[in-house]
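Two complexes are shown next, each including subunit A; its partner changes from subunit B in the first to subunit C in the second.
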Partner chain A sequence: MMEKSDELVVEAVGLTKVFRDFWHRPKVKALTDLDLTVREGEVFGLLGPNGSGKSTTIKLILGLLHPTRGRLRVLQHSPRDVKTKRKIGYLPEESYLYPYLTGQETLEFYGKLFDLNGRERKQRIDQLLEMIGLKHARNRVVGEFSKGMARRIGLAQALINDPELVILDEPTSGLDPLGTRQVKNLIVDLKKAKKTVILSSHLLSDVEDVCDRVAILYGGRLRITGSVHELLEEQNRYRVTLPELSPDTLKSVLGMLREALQDEPDVDHPRVSLEKLFLEVVEKAQTTGDDSGVTHAENVAEFLGRTQEEKSGVRLETLVVKEPAAGSEPSTEIEEQTEPEKPSDVLDEESRKAADGKLKDLLPGPSDD
Partner chain B sequence: MRLRANQYIALAGLTALETIRQPICLILTASCIVFIGILPVVLTHSLGESARLVSHSALAFHFVGGLILGGYAACASLTHEIRRGTAAAVLSKPVERTTFFLSKFAGIAMVVVLFSVALTLASLLSVRTVYDPYTLDLYSQVALLASVALAFAAAGLLNYTLRRPFCSNAFVLTLAFLLVAFISVNFLDAQGKPAPFGSRLDWDLLPANTLVGMGILVLAGISVGLATRLDMVATLTICSIVFLLGLMSDYLFGRAADDNLIAFILYYALPNWQNFWVIDALAEEKSVSATYLLTVGQYGLLYLAGVLCLGLLAFKKVEVRA
Partner chain C sequence: MKKILAIASISLRTTLRSKVVLSLVVILLMVIIGLPLSIKSDATISGEVQILVIYTLGIVIAILSIATLWAGCAAISSEVAERQIHLVVSKPVTRFQILLGKWVGLVVLNAALLCVSGVAVYGLLRWNTRATQLTGDELRQLNEEILVARTRIGPQIPDVDVEARKMADDWMKAPNFPPNATRAEAIDEARKMILAKAFSVPPGATITWKFDLPTRLREDHPLHIRYKFASSRMEITTIPGTWIVGGPERRQTIIDRNDTSEGFHTIRVQDPVASPDGSLEISFRNTTEERPVAIYFPPQDGISLFVYTGGFEFNLLRTLLILLLHLSFLSAVGVVAGSLFSLPTAAFTALYLVVLLKFIPYIESMAARESFMSGPGQPGGQIFDVFLILFYRGMQLLVSPLKSPNPLDSLGIGENVPWSWVGSVFAVKVLLYGGAIALIGRLLFYRRELGLPS
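Entry: the complex of A and B
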């Protein structure tokens, strides 16, 4: 588990938002007494059905709406502070692009809003277009893009300023499974680069795959918040995955479990997820040279993958504290970071390992006979 | 300060580009030029009054076309942006609302000025066509109409070969070809022989068109201010009402302004378009003095500044919900 800084990126206390009609009469209470904190470097998921207050919360964080009551601080400042917005990247939920601009012009425009100089802007645009797989469509007007392509260019504009806080409203909406996987990988890479990500999505599996903590809203109220791991783990149940067993071995294992548990255990064959199967089929098809219109780059844009330390000249390395051998001092060494961890099944693996350890204690060891 | 200036330029440029890439901008500009171009033919049998009728009609096209263009562009760049979320995307960046609002107006003003320049050139060429009563100067008319046709053909070719956006290219090329046509034709007389530049032009139309252009800018400012809160139908309706009331301001409110407080307020609050409409004076063979031009220019600028301040106040409080 990644160690989190105590520095709060977003802090909301008693946040309430009431929308009023033309005559200034209260019309809709979109948020009621929301208390929320997002810590630096974490991926935070905002969940809830339509009209639960997710988008309102995001727009309050961005200073686009004004709270009716309560206190809200973003990066230790008021959300309406323009300087704070230099450190924020935002991907809105719906169509938010100028339809008559090309993909390249769109990114040029947003780059200019951050006063990026021409050379840096060009570098970043090239890297981002490569990352989102739209390099070949850079001169097509955005109005002609499919929803998925528009989403990708929207994602690129949200990242052009190399933000500290990235707010993604339904980032995978309209994307194919490959694009969805790419966005999830990107979120993990952003987290590795010490960026804070606030993610709002209806796709619960996406949130589960990448988020450290989640908040569930309903009717404008916060219903539950906590770490995904803690909220989803069933502490009083275990899952055991076994290799292929002969019928006799399986029978004896089940008999042993039945005897120990005094109950019938559930047994079935594990299934791969449809996402995994789909990705395997597409990857196989790609080896034949066919393309679906959007190229899928695997690497995050170079300027995004760098942490603050790297930007100041230090390479991406991980400090590993080695377990001390008996009677010796703990040692530290620097090793190069390996492949970025990918989102799928990360939490499952962690919980499985924990459960495995506990199960070993419970089940009888292999027979010495 | 530098950041704000760069943002201002980027946003104003984007607004202008987005506006000229919309088909309605091209259709409106091209159709106004073509209508002005064929006016001499339509008004041929007017007992020697062709020049006066053509200049009146051309200025009317200029004013009404500008009203529609300014109103539409304001709605497209503010109301639509607030509704469809582009404003939210931009305002989530380090962009002050003041910068956003004023740059939107600047972008629209750029397009309105280009539209005004195009229609001024078209008016001058069209009036030159009927410079001699009962005969048409075909060099002038053909050059005017051909510039539009050539611009469309060239933009079509660019779109086909290089996939360049048709509407914006056709708009810019129309203006460029019109300028080339204007300069080249005015070195010729009606028989196509070399002549001193502009010897057959009614130069008094230039200040008249300039004043109409100022009037359109004021209308665009009102539209931008209204577009911060209202949708397109409401904005265009109110603009049309302001336009009509402003045209009749002297008659409706001016006479009663000394005795009636409401008439007084309305008379001074509404823009008086008669100040920008000097064609009646030209019809009486009077020319527009530089002093008058400057005075009306000041009036227009002050009115515009007031309208933009009100619009800015309205926009500062707007919640961007989309």
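Entry: the complex of A and C
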């Protein structure tokens, strides 16, 4: 189906970038005939190993590089158009901040570059600092920040203009699992607010969790692109998740499956991810009043958590990503601001061991083969 | 404008917090306090003031010029190297706004540093020349000749063009006239010769100059005749002479002097009587009858009249403004160079341009030449000549307007630095050249890819 060009936030046709040496001789072909579209309101993942052309693509979108060949439109304009940049937020791979400025001054500076008036700037800075959990460190110079704290300020500056297109290059690099989760929540929240997000990351699980579509680059060429759901779903296999069963019931279910499949089904206990376990431990610790360098922050800045239609009056909400069942798409839901949800599928150590013992009794072990 | 000021303020804060400014202020204050202690003056009050004003402020400007060029070059090139520019360029800011912002930041910084230096020099000057330290004569000289702003008036120069042309034509008819010389060169030489003759005073002779006095002459302040001369006999260093101020039909002031042929001399004239046309006649009679010596006053600066115009403080302010404009020009050179090249390359490029400015007199003398290589038995010399002549004349056209006298030389002798001087430096160095550099920088910086892998 042809896509309407006004719905395309990024449209690249035959985009090629060749780096040249001092004498203008071709040195490296960083990007070759890239055809790429990013649609309005989607979270688009740009994947690829080092040197695959991800950063070159992002720099072309930002006007930091000029295409050697091909056509590139960003928000229906040239990427070098100043008006286009008004609607873009960019978090680079490294934070690239001024080390002698405080967090507050850094955001003030970028706010001024967007012509935000003093009152609006102050409001947004307050909300952003609250959101990234650095309100207490607003007067500390960025040069003294840890990598994670600098990353958070970098993220805040990328959002200060309430952008329509957010480009995040390795947004979770340098962040602890808590920060990573917050960034992922934020991306989901941005999507909810109808913003377009381009995400470049080496952490495939992050991309899988939040992206609608992905493109995989290798050697400067686009190798595959499509929706995460379509690309990852195995149409000819099923997974069934059951509640805890008595040994007899489980034995009979497995017997039925063996008979029907004429093969041994894969059976194991669902495992909670290490990320989820970590978050649970940290959340517990936070209830005791202890804090790390970054304060716990889940609230999304008010000016960001709104679609254009909602901007007339909105309550502060907390977005929680519901842990997706394996193989399914991540889903989101909005809840009133309450205690963070505790994962129901986290098992304590003892019950896990007991369950593991039961399974061993029922399943044929390697020695049985 | 908000964006330009935001960029300027970031540059300022970064420089301030990186301790660069603090170290610069310390160095400047050390120079201002230390230099007058380490240089021995000629024990006159004017010598002492000149050390403080001309040498000390001169070195302050030299330090600030180097610092400005370096800071200008680093302003953008370091952000490109550290990639902070990626974030700035990805915001709705034009490249020209980035250039202007960095330039404004440097100009404000220079203004602050010049202000600190100016206040320090002025304070030291007032402290060193406080009334209790000086004799009555020194105090009078200080207040009338040094810590003032006086307009320099040159004598009426006779129109010698017709005579010079006639003389040059006669020379050209002579068989020994050099074949390579042009008529213009001959006229120029003839003009110099006629003027030299007009400003020479043989033994027993009298020379009279006419000076046009300003219409608003402050009668409560004396005039000063400032002169220097050369004598025809080197071994005679002290020359007697009589100065007559005022025309023959007016009240005349007659002063007998014995002056050396080294350096400048000053004669104070209270209540001179001008002619009805507003001019003042000043004559000098060569009284070296016993040991006859011819005396020559250089037409350029051999004799001048100094007339009170205003106070020292505003003169210092105007001088500092001219110096600030010069630093602003250097800032533009540095910022643009830094926007196009990496720091070392930018610094060398900017330095090359500044060195070029120091060689303006040399370039002008080369540009005035008609021949470099050609001559009998030198094949190909003419092509080389054409190339060099075009090169030097092109360079002259490019850099000559930037040549300007040092206002510190005027400030040090109590000469007025007029607002018109400030205006002309602003027009040439900031608007014309700074503007041209900014436009070239804008064009090239816009084309530069800032996201290239390093």
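Heads up, the rule we're going with is that the second predicted complex is superposed on the first by the 304 of 369 C-alpha atoms of A that agree within 3 Å, B and C clash if a C-alpha of one lies under 4 Å from a C-alpha of the other, contacts with A are read in each partner's own complex, and residues count from 1 in each chain.
The rule is short, and it goes like this: a residue touches a chain if its C-beta (ideal position, glycine included) is under 8 Å from a C-beta of that chain, and two chains touch if they have at least 3 such contacts.
All values reported here derive from a predicted model rather than from experimental measurement.
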Note to self: For A:Tyr98, using the defined touch cut-off, is the partner it touches subunit B, subunit C, both, or neither? Pick first, second, both or neither.
What the structure shows: both
Note to self: For A:Arg71 in the superposed arrangement: first (subunit B), second (subunit C), both or neither?
What the structure shows: neither
Next item on the list: Please work out whether A:Arg258 is in contact with subunit B alone, subunit C alone, both, or neither, and reply first, second, both or neither.
Entry: neither
Note to self: A:Asn139 in the overlay: touching subunit B, subunit C, both, or neither? Say first, second, both or neither.
What the structure shows: first
Notebook entry, point to check: For subunit A, what residues appear in both contact lists, the one with subunit B and the one with subunit C?
Noted result: 19, 59, 62-66, 82-83, 85-86, 88, 90, 92, 94, 96-98, 100-101, 105, 109-110, 112-115, 141, 157, 161
Check: Across the complex, what residues on subunit B touch subunit A?
Finding: 2-3, 6-7, 9-11, 14, 17-18, 21-22, 84-86, 88-96, 163, 165, 168, 319-322
Check: In their shared complex, at which residues does subunit A touch subunit B?
Finding: 19, 59, 62-66, 82-83, 85-86, 88, 90, 92-98, 100-101, 105, 109-110, 112-115, 139, 141, 154, 157, 161, 167
Note to self: Under the stated contact criterion, what part of subunit C meets subunit A in this complex?
What the structure shows: 2-3, 5-7, 9-10, 13-14, 17-18, 82-84, 86-94, 449-453
Checklist line | Interfacial residue positions of subunit A with respect to subunit C in the complex | finding: 19, 59, 62-66, 82-83, 85-86, 88, 90, 92, 94, 96-98, 100-101, 105, 109-110, 112-115, 141, 157, 161
